[in-house]
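Before anything else, here is the set of structures, which you'll find just below.
Look for chain A in each of the two complexes below; its partner is chain B in the first and chain C in the second.
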Partner chain A sequence: MSKHSGGTYYAGSLRHRIEQIVSRISRIDASEFQDDVLIREELGIDSLMSMEILATCEKELELRLDEATFACVETVGEFFQLLETTYEEQKAAG
Partner chain B sequence: MTDTIASASLEALARWGDHPCLVTVSSDRQPQMVSAAELQSFIIEAARQLAGWGVRRAVPVALYLENSVDYVVILLALARLGAVAVPGKLDYRAMELSEFFANANPPLVISETAHLPVLGPFLADRTVVARSAAGLTLSQAGRQPLEEAAVPDDTASINYTYRGCGYPLGALVSHQQYLHGARVLQDGLQARRGDRMLYSIPMSHIFTLVGCIMVPLLYGITGVIARTIHPRLLFDAIAGLRIQHVTAVPELYALMRRAKSATVTLPSLEAFVSGGSVLTADEYQALRQTFGVEVLHGYGLTEFTPVSRNSRGQARAGTVGPICEGVDCRIESCGDSGDGEILVRGPTVSCGYYRRDAETRQAWNGTWFRTGDSGRLAGDHLVFLGEIKPTCKINGVMVDLHEVDRAFYMHPDIKKASVSAASGSLVAEVIVSSRCDPEEKVRQLKAFLKHNLAAYKVPRTINLIA
Partner chain C sequence: MRILLVSPRGEFLGRSRAFADFLRNSREMRTILHYWNGLGAALPTIAALTPPEHNVSIVDENYQTLDLNQDADIVGISAMTQQAVRAYEIARAFRQRGVYVVLGGIHATVAPDEAVRNVDTVFMGEAEQTWPQFLRNFQEGAAKRVYRASDYGPVDMTTIPLPRYDLLSGTRYPVVWVQATRGCPHDCEFCTASQVYGRSYRHKSPAQIAAEIREVKRYWKSAQVGFADDNMFVNRRFVSTLLDEFETLPFTWYAQSDIGIAGDRELLRRLHQTGCRIIFVGLESVVEGNLVNLNGNKWKARRFARYGEHIRAIQESGIGVYASFIVGMDEDDHSVFDRTIDFVNQHHIMGAQVTILTPFPGSRLRQRLLDSGRITSSDWRLYTAWNLVVSHPILTHAEIEEGLLRIYRSIYSEESYRDRARYFRQVFQNLVSCG
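Now for the complex of A and B:
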């Protein structure tokens, strides 16, 4: 895992870290995380599992995600985009 | 006159005290509190409104509602009128809905406004009441008078469940079953008046109806309806509202355990009431260690809840507790091991499945109800070993494997399908008649199943066999 001394992930390594979390919880190989894949229908990630992914990302990346926004996310690409944007906003806000 | 869930609840509300009766917690609002006096007046007003739409004794009324104060109000208003609540799951899709409406044939349906498009094909000729933040409104007038169901007088609800027939069965649940179930669960929990109990499992489940709605209402406990399963928000609610008890399924407790960090402190918490699926001895110990609370796991079915439950100060890992007072239980053992099918009987066990005589005869052996589950007795504790019937639990919700098979066979390309459960998820092996790209075919099949079945019943893995 590449993480610089300030505790902040670079964009590429952040995505890699999120992929690791999702893969570990869902037991799905990260190679399946193509941007257009539907999280619930195609990956079979149910509400409990998606909540575990959300909670684990919050815990390990030290951020807070809005549950209602997360519920609107449909694809893998939208999920990564949400996390990357939230991460950058919350790091910038300190 | 015999108590009903309405008369018993209204009596409890009349001597409630100053503490809130219900609190709703969600991710986007401050907690909303309802007093006992407010809940009483809501129930009486809803009963008046429902009576105006023709609801009366023995009329079956389908409920397609989210967890809310309104759910509690409507359930008790129906009971006050002597009507029969028929809780439906919001996850149901075309195939389950078709069976549900054909069997229950409810002349009146109360649904979330946003859910009406899903129910649309099944609503012809029925009276439809839409629920929104503004309250209940008549959305469609159906045939009057509303047709009564031929059910025993004491029937409070028809609750749909499975036993491997390939379609849902509506268990007739009496008022006395609700009241008995609540009493024995409270005997095990020993909650005090003014305590608070948090829950987030769907109110359409019998475990929620008895353990989360009736127990708090009848024993002066504030029910905290969490409209989220996000662990951070649950921890915030437990800490902020000083909650003593949580009622949930083992899968949610496991999620909370994994999400809990050392900085989360929950000093008010005393007990986790658990049911709905298997809680392993290891997970029991892990929960005890992580949260420092008592874990009271139990066992019940839609036809009878609870059969057994662990009690404060006497809970044991790996068991579903002693058989509850008022219940006879025996193990129909085939060998020397003592393992066998769990059979139960008692005055409040469901008397059968609504309009399913053959299935009722198959499930009841005289007065004994065959659970279709395997167990053994360890001293005075019951140990649940698994399901004999072709069903499984996914996140605490029952799945009938033959129903999923049936859904596959509705697809014109399926020659053979076999669904099984492994490690908490469903796996399907299917033979298709047409030659096609396997990935595209799996994608098509999942979309087809999702249209016909609740999403949690769509197998996570579909293997195409040449």
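Now for the complex of A and C:
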């Protein structure tokens, strides 16, 4: 399997797992998570909920994230992208 | 008949320039303010109580433009005190054209003599029984000047119809406030809520509340649901069946409660599990002396020593406490501002609303301050709880305004935000590892 296709498959399943976590905590159906949706204003995910999401991602995906992470993102797409990139980087760094 | 229901434009903050500048520049405060107002259930409920042969519309002036030349047979206005001046302006404009104007809501309930000079009919208290009665009388040409809910007995909330949210479905609200219960047993000196709903606790049925939430979510998918109830969890048996209903409803929500829930760990666990994310709690003051005469039974004073422990219990359940404090109370001195900052930061309180003591009409506080000649303004536009309208025994006007701003700057600083984020991250790490 090429690196590219492996990465694509991998990111896809990772996104699905992140979506499940966010959906469980925010109690919002994952179908609402379109990339251009505003995470605070449209989904109502506030800083408190984001800490719950981060703590759960840490536990379930073994991902280390900074608290300030959430403050920098505006949209659902940016949020998932950030988690995916962090995951890939931490995996690569072992 | 064409019936137009109006929520008048109102100021909800203070007039201090420095405070306005701070709000503009604080990202966290802007987010909080975004969720501040929203849609209340009062006018959609009145619309639902109106027989279907009438044509009802609603204008919420805080989100829409009101056309004062609009055709209507009856204009019904619901106003809080800070909206009263605008309510009277609207009434004047419609009455000049011969339109019949009625006023209800908190201000009409607590200041009926003033209201009746400005409108044709005044509603005091809950309108579920008086509004349909008024409509019948109006059509018979026999509308009364004043309708008192107390003449009809307390409303059975299980008979309240599903609010007509459809009438405002075109407006984008960040939060929709649903009313599940009424009444609060505490009778705080500054509070007017108990004047309107009384001290006995009543509620809608769990199925009725669930239907309302489904209706809200039908029109505002991304809006937050807040419960407007003054003290939602008083009746634990009712709350338990309500939470059963919420288990299958995919939504997150906010509520208001007294600090008494902190002792019930199982309730807190279930609240979080069913989507409760923030609870607004009136702590009122970090100065114990201010709480002593607040309620007849000293309810809050008796819990003061354990405030910190109670906040920890709620927040460690994964629910943020949004605490409200009042500055400018009689026992405050120059230290109250720093003490409030320290308290909020020390207990990692998720959010705090700090306001200035305001003698709202109808409150016991107003009578006491009137008797001692301490009320400096009765311009209702200033009654937002963010302006100083009384004199204080020690603190000057400038000291209170400056101190309030200092509190906000500190508790919503980047540093405090980071500290709270770290704290809640730890809370959720603990919950996740136990879960």
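The definition used in the following text is that the second predicted complex is superposed on the first by the 85 of 94 C-alpha atoms of A that agree within 3 Å, B and C clash if a C-alpha of one lies under 4 Å from a C-alpha of the other, contacts with A are read in each partner's own complex, and residues count from 1 in each chain.
Criterion: contacts are C-beta pairs under 8 Å (C-beta built on N, C-alpha and C of every residue); 3 or more make two chains touch, one makes a residue touch a chain.
On a predicted model such as this, the values are computed, not experimentally measured, just so you know.
With chain A as the common reference, chain B cannot sit beside chain C without a clash. Judged by the touch definition given at the top, the superposed model places A:E58 against both chain B and chain C. Within the superposed three-chain model, A:E32 lies in touch with chain C and out of touch with chain B [touch as defined at top]. Set side by side, chain B and chain C differ in how many residues of chain A they touch, and the one touching more is C.
Within the three-chain superposition, the chain C stretch that clashes with chain B turns out to be 166-174, the only such case among 94-102, 112-120, 148-156 or 166-174. Overlap of the chain B and chain C interfaces on chain A: residues 40-42, 44, 46-48, 51-52, 54-56, 58-59, 67-68. The touching residues of chain A, when paired with chain B in their complex, are 40-42, 44, 46-48, 51-52, 54-56, 58-59, 64, 66-68. Interface of chain B with chain A (complex): residues 27-28, 228-233, 251-252, 255, 258-259, 261, 394-395, 425, 443, 446-447, 450, 455-456, 458-461. Those residues of chain C that touch chain A in the complex are listed here as 28, 31, 34, 174, 221-224, 250-252, 275, 277-278, 318, 320, 350, 417-418, 420-422, 424-425, 427-429, 431-433.
Chain A makes touch with chain C in their complex at residues 26-29, 32, 40-44, 46-49, 51-52, 54-56, 58-59, 67-68, 71.
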